[in-house]
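First chain written, first letter: the chains are A, B, C and D, and each begins at residue 1.
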Amino acid sequence: MAKISQDLLHDSEIPTEDLAALFASTRARTLALADTLSDADATVQSMPDASPAKWHLAHTTWFLETFVLRDFVHGYAPFDESYHFLFNSYYEGEGERHPRARRGMITRPSLDDIREYREHVDYAIGTVFDALPKGAHELIELGCHHEAQHQELMLTDMLHLFAQNPTDPAVWDHPRNVPAPMPQPLRWVEGRQGTAEIGHDATNSNQGFAFDCEGPRHTVWLRRHALADRLITNSEWQAFIEDSGYTRPDLWLSDGWAWVQAEGIAAPLYWRSSDNGWRAFALDGVHALHPAAPVAHISHYEADAYARWAGARLPTEAEWESAAQSCDPCFGNQLDTAGPVRPRAARAADGLRQMFGDVWQWTGSAFLPYPGFAAAEGAVGEYNGKFMSGQMVLRGASCATPRGSSRVSTRNFFPPNARWQFSGLRLARDL
Amino acid sequence: MAKISQDLLHDSEIPTEDLAALFASTRARTLALADTLSDADATVQSMPDASPAKWHLAHTTWFLETFVLRDFVHGYAPFDESYHFLFNSYYEGEGERHPRARRGMITRPSLDDIREYREHVDYAIGTVFDALPKGAHELIELGCHHEAQHQELMLTDMLHLFAQNPTDPAVWDHPRNVPAPMPQPLRWVEGRQGTAEIGHDATNSNQGFAFDCEGPRHTVWLRRHALADRLITNSEWQAFIEDSGYTRPDLWLSDGWAWVQAEGIAAPLYWRSSDNGWRAFALDGVHALHPAAPVAHISHYEADAYARWAGARLPTEAEWESAAQSCDPCFGNQLDTAGPVRPRAARAADGLRQMFGDVWQWTGSAFLPYPGFAAAEGAVGEYNGKFMSGQMVLRGASCATPRGSSRVSTRNFFPPNARWQFSGLRLARDL
Amino acid sequence: MAKISQDLLHDSEIPTEDLAALFASTRARTLALADTLSDADATVQSMPDASPAKWHLAHTTWFLETFVLRDFVHGYAPFDESYHFLFNSYYEGEGERHPRARRGMITRPSLDDIREYREHVDYAIGTVFDALPKGAHELIELGCHHEAQHQELMLTDMLHLFAQNPTDPAVWDHPRNVPAPMPQPLRWVEGRQGTAEIGHDATNSNQGFAFDCEGPRHTVWLRRHALADRLITNSEWQAFIEDSGYTRPDLWLSDGWAWVQAEGIAAPLYWRSSDNGWRAFALDGVHALHPAAPVAHISHYEADAYARWAGARLPTEAEWESAAQSCDPCFGNQLDTAGPVRPRAARAADGLRQMFGDVWQWTGSAFLPYPGFAAAEGAVGEYNGKFMSGQMVLRGASCATPRGSSRVSTRNFFPPNARWQFSGLRLARDL
Amino acid sequence: MAKISQDLLHDSEIPTEDLAALFASTRARTLALADTLSDADATVQSMPDASPAKWHLAHTTWFLETFVLRDFVHGYAPFDESYHFLFNSYYEGEGERHPRARRGMITRPSLDDIREYREHVDYAIGTVFDALPKGAHELIELGCHHEAQHQELMLTDMLHLFAQNPTDPAVWDHPRNVPAPMPQPLRWVEGRQGTAEIGHDATNSNQGFAFDCEGPRHTVWLRRHALADRLITNSEWQAFIEDSGYTRPDLWLSDGWAWVQAEGIAAPLYWRSSDNGWRAFALDGVHALHPAAPVAHISHYEADAYARWAGARLPTEAEWESAAQSCDPCFGNQLDTAGPVRPRAARAADGLRQMFGDVWQWTGSAFLPYPGFAAAEGAVGEYNGKFMSGQMVLRGASCATPRGSSRVSTRNFFPPNARWQFSGLRLARDL
């Protein structure tokens, strides 16, 4: 049985009725996101890094069944014995599991079977909810935040799958387009200099939930610098392309240049050139690129090359978080209800904008443990620490991030060549 | 537009009413084979060599829509313009097509869409059937034989897909087992010596349909030899395993030995060792191996190694065909109706048995053109000739071969490491 | 200890003094071919299929040391115990060996060490030569023919290595060019029809040495056909290129087309386009292609595509051998002394020319056992039989073949994508 | 022509006579390290990450010829025009170059040719030395430090090459073994807390030479922590192995665990198990592991797993550098003269030991730009900045580091799976 470290849970003090509401809304939204999918749509895996929607639906349920029902409810019998093998993601402490790259082979159980599994587990948790000890409630809260992460992954994995289909299927109807003016020229906002405090403070119960890798809170020293007031747009990215951005090795990291050449990269993922200029594939079909909207689906290598081309650099995560402390992480273009999602142009305003929502922002920081970080013990302790190698940090939130699930301290992370997330960039520079 | 060579069609003289019946039964059987599949079952591709069932259902329909309706019916509008790109298999003459290894990405059109496509094309052909010229009838006959081939592939591709699922799904119910006695010891039947005539004779209209690679009829010279009277059984194969057959390099072709080591091969595909001995996965679930049934799902390399171990060799295709001329190709354990298929033990009898049905028989002959062979012109001419490289010939028919679709002259062919077909072996030796 | 089958040796009756001369001249020529190589030239391996010259020098010596000195000379101590591991090529029966793809890692022993090894073994054999039994003499004869094969491989492997060097080193001086007229137009020579006898007859002691795979002699049936009277030339190949030969899928075998696209093949190996037309790299440097010389360094796929483009086909090995029975295999442009080798234009004459020498000729036949073939027992029996899979037969001899080492019955074989040998083609067609 | 940024050169104020001496001794030591190599030893490339010794000899000379002679000496004609293509390493600004993975194909020019090249360039520089402007002197200084780096790489690349040879060649004689006592138990030395200054200060001309990535000097904030007083030893590593260190996934980073399984890693590189316990391959042959000597040839993944197993962690580079500021970087077991090199046991003493020499120490820091870092312009600006992705920092120096070429601020870096350097570890922990 997994031993859950108290450290992981940061002693969150969410009231029981709020937790019940969070649980209900989280579970409902996952289902809603998959509502338009066929059994086949939900089963196919488009690349080893992506998972089938059915797997996301099942894995988030397995997480709750395992760490709540199995570990806290005496006599609970699993819905199906084989699911423990099929739907464990990467928890070595939970034993053998189906290989990640073969998740798309599992045509049975069907999507309907998995919907029934969800209903079964939700009902079981509902039945015992009030009687569960505090430790179980904390795990339910963790499960909700875990499921919010998988909602975003499910959307980006769906996008990747449908982009493989030469018939360009539209999974959702195209929303009515609201004309958006071009954004103001990019301006620089000076950041804090000298010491700053960043990271989640698990000792402060007012701070709410956070994942283990977001703490401990610690001091950093910041050099004089400024951040751009908004994200880089599609039209700015086109200027980079037109200025030979993808063919000048001096703009690129060595690994990035090798990647560009080996993969034949010449534009962001999902961009398609047409006689009428660039277009892009999205879950509501192929559309003309909006010049004022933030560029999305770029790798860290591309973000870094753009910044060098622009005579700037990417922000560090400390610079970013220090600036974000004055922003509301629940604000901005984030996911509220199921439906097509798209980055949107910045509104006209002074000061920092688009810190949360639209696209995740690549930083120049590697995903490494904060000073004083220690992984939790047991299977749940595998949550983040073991991925602290070979990945770069992204900050903020995207249009596919469930609102309320991102924090000032959130550290998202992907390998530097990953592009299928809603990833873009904000510039920084030294002063 | 594809120009269809008359050579290909061998001037078959099938009566119109017989062709209509063949068309109806062939189209119905394909649907029946897919009857128990879910949308996801029919969509996923388990390896680049295999295709989704939905693709087989669509491709066989595309073949008829293209070469019959498009080419012979004035004003016919395709069911869906995108299908020409999606469901062309390998006809370079028909333009660009979806890459083979990405067939499993096509979650839309759905299985139901494809069933509708089939209905549409069948109805369109039915409407004009009697009015079509002889050339179109010949193409319908070709389309039926083409579809029969895909029925077998669809079954073996389904088997491969379900074998990837760790939950061992049973697609069909297990048939009632009929006890079968162990076969008689293997006996040798002497073959013809000196000149023999083999191959399909396109100039003889009594011979019926054949694919282009089966002709022309030609003379060969046979050395004195004998064929085994039956197929090699599972229990004989177990003896090979127990005598270190898979670990003795002297028994193997050099390429075969490299393959055994690189892939860790130690038993036929789908065999699984258990505490109670060998078991095997099939479309009706996991079952104990029947010792008297023919071994199946072996590669050419394995068949060749077994023959060497047994002090024998594989037959050449000329030896095999010469012997088969006295056998009825419609006899034996072949596919009649949709349902689980299994190789079965040889009945007790004298003379050559199991020449057709149970498993395809690897020969020692490479798949090369017969003397005088010339590929047909146009897209249909790509049918077989361009695959005459790197493949070995199998003869006979298997339990998954639609009865009536294999001939004495049929040349099946696969690369020497292929195992997902119902492939086994019959021994031969010099006298 | 390896048991040498008498079958392998075909009871050759070469007189002792002739064998001694063959031994001396063979051993000397190998050394001479490596004479201009530096230690580094002789050590580096340019691809897994090629071997370092030093390895060829050592392996041919190991063959004699092992099968003659170790097996027939009581008390013989090996020159160096480690060489048995280092210089065994592929004889599984002789135990573990250094991996083929890592032969280029062996910087020590040095080239001088290996020259000393050769001297040692030659001296040891010379000392006991007259006293050796007939079986050992037969193995020495086999060793000489084995070494002749390695001489050709050593030349082609050297060519491949030096072609990797962007400075285009000339290993030998350029020979004086003799102007050659363009060949006569290609003419057809009708071949034998009906039964023919091919293959080496081991029961006829007048036939001299042959490798095991060249027999037994057997009857074949030939359809009416003709062979081209000479090889295809460079200028004819240029016409193929200019007629889009490399970009028309209808000309290619399916595997060949995949290979052309994956590897970006657009001309024979070692051809280089320049402002002054095609040039080619050879061991005596880069030179203008001679239009009348036979095309060389093409794969089987290319030969097959050319033949299809020309409305012809490749000969079968039976057709080729039947025709070659009237030719002298010691005639033509073959290797006499160390120095640069080059295919040369056909002389003007009637009838079949260039059957031996210039370039090996791809046939349409797979390398498979002849009827009645049985591999020898023991390690020497691994000589050819285990390679009878996935390879195509070439016939004749090339400008790099030591004169006297090719026979009417010689079967050379390589995978269909191999190009680093002196390989070209002669057309055939049905009549 | 490359434009050399003054920033890169940090305005080093080395006196001319000292520079001349540095130049002479550096150039001589490179030659001496290659003294025992044959032409073949110096030519073969054992893996894409390693280079032939001949290449190191030539490339370091090319660097001086290009950036000093070509750019500062009017009328200088290059020794050989082809060398610019052959021996450029990765400077995109200097145009096309020979592919890194094919460096081992260059058997010509020979080792002797390259020795002549070195002599030529050294002579040319000597002739004009005093007349060169300050900018050229700074580039000569850079060239010497560059060459010192290549001396270490040449040694580790030679070690890797000879380790591929199954005959275990000893390149140098075995030095006389001096008995070494087992080291004292590991003790913890508390580090500085709060702000610290690290990095090279280019504005302070007393600080001497440094590479661009070592600056600018900047403030960091350190949490309370301690460093181990010495390196981890071979006997401590054996305890890790014996406690199943390589088979417990909970000890490993996710990428590290995947690497261990894919590569079958079970011990440091060059360790070989024998009946008498662990032995190791070195340039002076195979020898018993010295239990008290520091473990070497481990990857970052292994260092990280060991630290987790030991209940500790790796130091950050800021912690390490802050502690090293009190140590002499010219002290310790580093390279003085050509000959076999080996990590040695720590001497008995109080306080931090082995900070420089023996083995490089993996840190927990990714190789990223320091705050305020800007790459130099022009080709020389490619020196370090473009590698700031996917690599981890190592600190200190090793037994193969030329004494005098490592500084307190030196940042060595390799991918986390690299093992062929002399890489080991020192533990750190929070207090």
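Keep in mind that, in the parts below, a residue touches a chain if its C-beta (ideal position, glycine included) is under 8 Å from a C-beta of that chain, and two chains touch if they have at least 3 such contacts.
The model shown is predicted, which means the values in this text are computed figures rather than measured ones.
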>> Quick check on the contact graph: shortest path length from subunit A to subunit C, in steps?
In response: 2
> Shared touching chains for subunit A and subunit D?
Replying inline: none
>> Need the CA-centroid distance for the pair subunit B / subunit D, whole Å please.
In response: 60
> When the C-alpha atoms of subunit C and subunit D are each averaged to a single point, how far apart are the two points in Å?
Replying inline: 47
> Just how far, in Å, is the C-alpha centre of subunit C from the one of subunit B?
Replying inline: 38
> Going by the touch rule set out above, which residues of subunit A reach two or more other chains?
Replying inline: none
>> Going by the touch rule set out above, what shape does the chain contact graph take here: line, ring, star, complete or other?
In response: ring
>> By the document's touch rule, what are all the touching chain pairs in this structure?
In response: A-B, A-D, B-C, C-D
> Mind pulling up the subunit D residues that touch subunit A in the complex?
Replying inline: 90, 92-93, 195, 218-221, 223, 249-250, 252-257, 300-301, 304, 313, 316, 364-366, 368-369, 371-372, 382, 386-390, 416, 430
> Tell me, which parts of subunit D touch subunit C in their complex?
Replying inline: 38-44, 46, 82, 85-86, 98, 102, 104-111, 161-162, 164-167, 169
